[in-house]
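The first chain written gets the first letter, and so on, giving A, B, C and D; residue counts start at 1 in each chain.
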Amino acid sequence: MTDATHPSVAETRAARRVTLRHIADSAFLIIVIYLVMAVVYVAVQPSALSAYSIESLFNNSLPLMLAAAGATFVILQGGFDLSVAGTISLVNVVIATTPMEGPGGALALLALAVALGMAVGAINGIIVAYLRIQAIAATLATMIICQGIALLILKAPGGMVSDFMVYELTASLTDRVPYALVIAALGVVFWTIYSRTDAGRNLLAVGQDRKAAALSGINVQRTEFFSFVWAGAFYALAAYMLAAQTSTGNPSAGEPFLLLTFAAVALGGTAFGGGRGGVTASLFGAATLMLMQKVLFAMGVSSFYTGVIQGMIMITAVLFSAAVHHAASNRRGA
Amino acid sequence: MKVTNKLKTLALAALAGTTMLSAGAADAKTADGKWLIYLSLSYSGNAWQSEAANIVKALAKTPPYNETVELVEVISGTDPQAQISDYESMIANGADGIVSFPISSNALNRVVRRGCQEDVLFFMYDGTVTEQCAYNISFLSGGFGENTAQALVNELGGKGKIFLSRGVPGNSVDERHTDGAMHIFNQYPGIEIVSEYYSYWDDRTTQQETAKALAAHPDVDGVWAQAGEYGVIQALLQADENRLVPVTGENSAGFRLALANPDMQAKGLAGVSSGSAPAQSGFAFKIMMEILNGEREPLPEGERNIEYPLPWVPADAVKMCEGDTFEDGCNVFGEDKVPSSFVSEVFNPELLPELSLTSALDGNPTEGATIQPLPEGAVKRAPDMPGINCRSCEAPDNQYDLTKIEATVQP
Amino acid sequence: MSDQTAIPLEDTRKAQRISPTVVTVATIYGIVALMIVASRLVSPSFGGLSQLETILYLSSFLVFCAFGQGLVILVRGLDLSIASVITVGGVLSAALMDGSNAGLFYVIPAILLACALIGVVNGIGVTVFNVPPFIMTMAVGIIVYSLCLGFTGGTPRGFPAPVLNDFMGSRFIGIPAPVWLLIAFAAMGTLVQSFSPFGRKLTAVGNNPEAAYVAGLPSRRLTVSVYAISAACAGFTGILLASYANGATLRMGDDYLLPSIAAVVVGGSSILGGKGTFLGTVGGAMLLTTLATILSALGIGQGWKTIMEGAVILLALILLRDTVFDSLRAVLVRKD
Amino acid sequence: MGQLLAVQDLAKRYGATVALGGVTMGIRAGEVHAILGENGAGKSTLVKILSGVVQPNDGTMLLDGAPHTPASIFAARGAGVSTAFQELSLIPHLSVAENLLLPKVSRGRFWPERRASIMQRAAAILAEWEITDIAPDAMIEDLPLAQRQRIEITRALSHATRLLVLDEPTAALPDTSWLFRQIRRLTERGVAVMYISHRLSEVREICQRATILRNGASIETVDLAGVDDAGIFAMMVGHAPAAPRSETETATGDILLETRDLHVGAIKGLNLTLRAGEIVGVAALEGQGQQDLFQALGGVRKRASGDIIVGGRSAPLGTPGKAQRTAPGIAFVPEERKADGIFDNLTAATNIVMADFASRSTGAFVNARLERNRAAKSAERVALSPRYLGFEVGNLSGGNQQKVLLARALMTGAKILILFDPARGVDVGTKQSIYAMMDDFVANGGTILFYSSELTELVQLSTRCVVLYNGQVSAEVSRADMTEERLLAAAHGPARTPPTPLREAS
């Protein structure tokens, strides 16, 4: 062991590193970015704080948030899942073509939706984890297949979504706290617990170092498999809330989610390639993306050039989170 | 400069929005006394969308609207969530009216309903929403599908192999067009649909998809196409530069010029140009302004579906415009003025006499023009189309009746 | 010294008589050939040379942009900006040529250069600032598209040079000019990717970036140049597409983004980098196009067509799996 | 005592490749049993099969008389077999505690255990195995390599109820006393230990018997007391080792490389001179800054301050590429052969010729034959058989991979070679080839700076030896006074007496 000539210095450096790392690892950064953006938004748009505005903002953001949460499971273990677009379309049309009224019906539909999402996820998982096909290509294929099935079920936008889902699920708890926010908060709670269970830890471990994880006794294939299953479940939730919000089914409902989901995950600071990040961060990443739409509108950025700003913000956010992470794990080079 | 202006306007608008919220007044105008109108586009990126937007912009700059209208353009992309978000913001900003191409016929209903409650007028053009408090101004009920299908059947003498070049899969407009067309084709056992493909209403995609279909069926006898039809002509010429077949399609300049071109006719081209007109946006805008200005009574809910007349230009009716407007019944501009993808139905001398080529291309008002009131009887109610402009409704029995053409061959 | 005795057993046993690369490429072209032959069942006019000609013609656009995508994937990247850059190429060629042949010889290089510069931005973001390629190229794609939108005001104006439009429709020795272009491009691309020091260096960078750095390869410069090439290829595709359709639209690139990745991966390249051939990519592009022509001729609903498209891609991926090769090779080796 | 583990005709094939072709051996309860063999002899495969990472194609394993067929690491642990792997299997971004307890860190399956309670359990494990200097909540990535290795071993120790497999456990350990103490505690309980190491002295110290593997097959199991080193070598390679090398003369050539007051990483003010014709060895315990020094000279790491003078001119050496191009040229062979050295998808020839591609503009096109021809000469200098040139490097043995790397370094035409542990983990034959190449290189006017973790190698090869301690030169030892004891003493710092011998040679 090297002698620590200046233990106090070493200790403080280590301490600083620990706090920075906590910041870098947790969803702290993206939460700050989100809050800053929210403040800006409220400043330029005072009506933003009205109960209705808050409710509609969260209702609108929730599907993307859930989709990004799902994608995070796969990205954390180092994979890639393009099937998000297909799964959302598929589940969305199934919900819209399976009329079930009332709270009981909504619950039954929820179970059906999640089961379907998990089934798609399981197929992805089998193909990627057990047949060992490159994830990006395999999920591209399953995405296309899901879109095809969605078109078989519903040729054009339509179908019916029960009034309970359309009106109750998108309302607010005691007229103040949108259910959408409650669901997002449940997502945070879920991840906080899940990430501390063995399954959650294994997910991160596999993402950091597949080989070491395998040699540590982690069943890497099963971990990969279940990451896709969880992802499918969350995509299904996204599709479910999308159906509630838009009160309709659309065989191409999932298409806009394809790139936005990955943008949201990246914005949240989850590393592509795995091992670092989390669902909470992605939830906030997606919320930030949707809030950005609001802020840009409020700032009156010429709509032709909205994309320029969006692109810049994405790059900056990723650079920022990388910079903090770099400072946190300021280790010796190569 | 443009941006600062907008910022200023928006700041004012925001101010107006808050006062409105507190006052709850119905007669809301911006602080400088103008109507705050939003133009919400789904997807700017093809000629059709930008022409439609330019028409509204040009009208808003035409006196006296230049003094009374504050028009803000917003592009929401292809994501319904984004358009929902933008509608919300517009409502929050105290919009008086929203002229919009809706991305989805159902997904926007909730926010539209909510806007109506805040006394915002919604005018949808071309596309529609099923929320009954919004006005839908659309040609969809005009029967594009069945009329063009009959035209093609007539040209083919009731039998032959045809392609269907469709729009976007899973889209209700595409479904309506195709259902209408199939209603006709199904009556003729001699008509054989040998290939059906999606061209995303885009010239280039149409060209490639048609080329693929031609690989299997070089002996095709006719093509029924939605927008992107000029690509069909190009693909046919590519496969065999001496052989064309009857083609029905929409309103691109390239297609109309080809229809009227004697060389092309000699090779076998015939058909009709019909379909969606960008001018619908201008029509929608003018109705809305007349209602806002109190010149026209608002229509009761449930009767707000308005039909825009279906353009109908057979080959022999194509007439080149010499000037910059549709004068003397001319209906197409030459290649020197517009690209081939330019959608020709930008002007409507009856409904929109204020417009000229510069309006459609650049969004500028026509010099010397002033806003003319809509003629008597211009606003005609459109029939119900379930899932397109209403939710729980029945389609009339005669929904596929021919309006523009008669069958010249019997099944 | 007597090396023979010290050679561990595995060296000699791992000797591979058949290069996996050759097997991959052969399999893809085998599948394509099989599909073409089988397509006769779908339509009597299929299965002939004219179908092959159509397939080659239509796959050429995909091949041009997939070359750049393939190189980017070779160095462990991904280029999501190509859809927008194709649009840039198309929009600029329509706007700058404006229907005239004059100045063609500086307009085309100027457009390619402009596109390459977009690629350089991608490359710098990825190498210098360490932004993940997925994010960097997606963001740059959004930015570039938005600039295109602003620049054109929503409507791309003008026409490409007539001579280009004529070129796309012309034939030499009975074969369409773009097919010749495809053949020349495939030959050149193969030389660059598999038989040039540049290609070797890229493979090295993709195979092991750290080792490439230590070995003294200018990894950053190589990576930046790869993104520049990818963007230039996309721009080239855009010029040709605009010439083909005699005009530009803003969404003309959208149809090529995912297929370009699919063509590369179906073509046997590893999405993880360091492995892949351009001939395989060309085969992948042909496979996708062949599939599309067959599906187009099938009288089934769009839903079923879409499902079949996904299923065939999946099947091709499964057939091209390494383990399948390994067992195949094992059988072959055991035979002799 | 009966056999605890009985292995019979074990075989493993990967496709057409035979990794293990018939291993038969037995380990008794309470015994420490060595597995000896060259790289590629099949040791790693045997470890993988025993620990459930891969499954054998043929043969049987009996553990306590019951068939041992673990389908996973986890299953193997369940049977009481645990393994400390050579390539450490720790997750860098998790805590020591979590790594120790993986894959079942939390007690509850669906509800997480409190962090404090996890730490407590981990602390108990650390205490049980006498680790006092590592906190359970420390991140693995913050620990030096030696501590990580101890965590890896501790994890294996904590699970070993029947058989402990240690694969090169001392690769990064400066001191074997802790490890040997734990091994003895374990064997007293009747647990058997399979011990794999290249270091014969360690093996002799701790093991009773050894099984020798060659070419994937077990050659013989011997009682270590009854056989001398030469006999073991002979069994390992199939022939007697080469004779010791002759002496080299002291060099007085031109100064090719010089550092002045160099600061980089842990290196604090280093002065060093390399002359043409000499091999300068670097001796140091783990973590004295040797990596930093070598990386700085190779251009991989930027120096903090001080001067590096190459060929008489101050050189910035910003990148390895620049280092190669700075006359008379510096070629660097890194420590991590797999991670920083080879391109495993490319052929050996391409790997070697890459040096050419990197440094100068070559012809427009290449093909496999052209590359083989071009690489042939460098390959010959490191005695790499030309028939390997066409193979993908990933399929070659470690020794041949190392030869490929050295051939690439030679291919650059550089006159200065910076070699970090060039002969680590390679077999005896390859070692001899590498030594010969080094001698040959300096005889032709080049100079070599090399670090080795084995003192024997330093003593055998160096013209003179520089000893690093705490980032500075603690001693410079000339050829005449060079002994392992002298180097070892200096490596422990200027004013200390060496504690227990850390590492000695056979």
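Here is the rule we go by: contacts are C-beta pairs under 8 Å (C-beta built on N, C-alpha and C of every residue); 3 or more make two chains touch, one makes a residue touch a chain.
Note that this is a predicted model, so its numbers are computed, not measured.
Novice: Find the chain most remote from chain B, comparing centres computed as mean CA coordinates.
Specialist: D
Novice: Between chain A and chain B, what distance separates the C-alpha centroids? Give it in angstrom.
Specialist: Distance between chain centres, rounded to whole Å: 36 Å.
Novice: Suppose each chain is reduced to the average of its Cα coordinates; what separation in Å results between chain B and chain D?
Specialist: 72
Novice: Give, as an integer number of Å, the spacing between the C-alpha centres of chain D and chain A.
Specialist: Going by mean C-alpha positions, chain A sits 42 Å from chain D.
Novice: Which positions in chain C are in touch with at least two other chains?
Specialist: Touching at least two other chains: 149, 153-154, 210, 213, 302, 306.
Novice: What parts of chain D, by residue number, touch at least two of the other chains?
Specialist: Within chain D, the residues that touch at least two other chains are 300, 340.
Novice: Could you tell me which residues belong to chain B and also touch two or more other chains?
Specialist: Correct list: 44, 75, 169.
Novice: What are all the touching pairs of chains?
Specialist: A-B, A-C, A-D, B-C, C-D
Novice: Which part of chain C faces chain B closely enough to touch in the complex?
Specialist: Those in contact with chain B are residues 42-43, 45-46, 50-51, 54-55, 57-58, 94, 99, 149, 153-159, 168-169, 241, 244-247, 249-252, 255, 289, 292-294, 296-297, 299, 302, 306.
Novice: Considering the complex alone, what residue numbers of chain B touch chain A?
Specialist: Listed in rising order, the residues of chain B that touch chain A are 2-3, 6-7, 9-10, 14, 17-18, 21, 41, 44, 72-75, 77-82, 84-86, 88-89, 92-93, 104-111, 114, 168-172, 174-175, 387.
Novice: Taking the complex as given, what residues does chain A use to touch chain C?
Specialist: So the residues of chain A in touch with chain C come to 82, 127, 131-138, 140-153, 155, 259, 262-263, 266, 271-273, 302, 304-308, 310-312, 314-315, 318-319, 322, 334.
Novice: Using the touch definition from the top, list the residues of chain D that touch chain C in their complex.
Specialist: Contacts found on chain D: 14-19, 21, 38-41, 215-216, 237-239, 242, 298-300, 319-321, 323-325, 332, 334, 339-346, 350, 353-359, 362-367, 383, 385, 388, 391, 395-397, 399-400, 408, 412, 427-430, 432-433, 436.
Novice: Using the touch definition up top, name the residues of chain C that touch chain A in the complex.
Specialist: 80, 125, 129-132, 134-136, 138-143, 145-147, 149-150, 153-154, 210, 213, 258, 261-262, 265-266, 270-272, 301-311, 313-314, 317-318, 321-323
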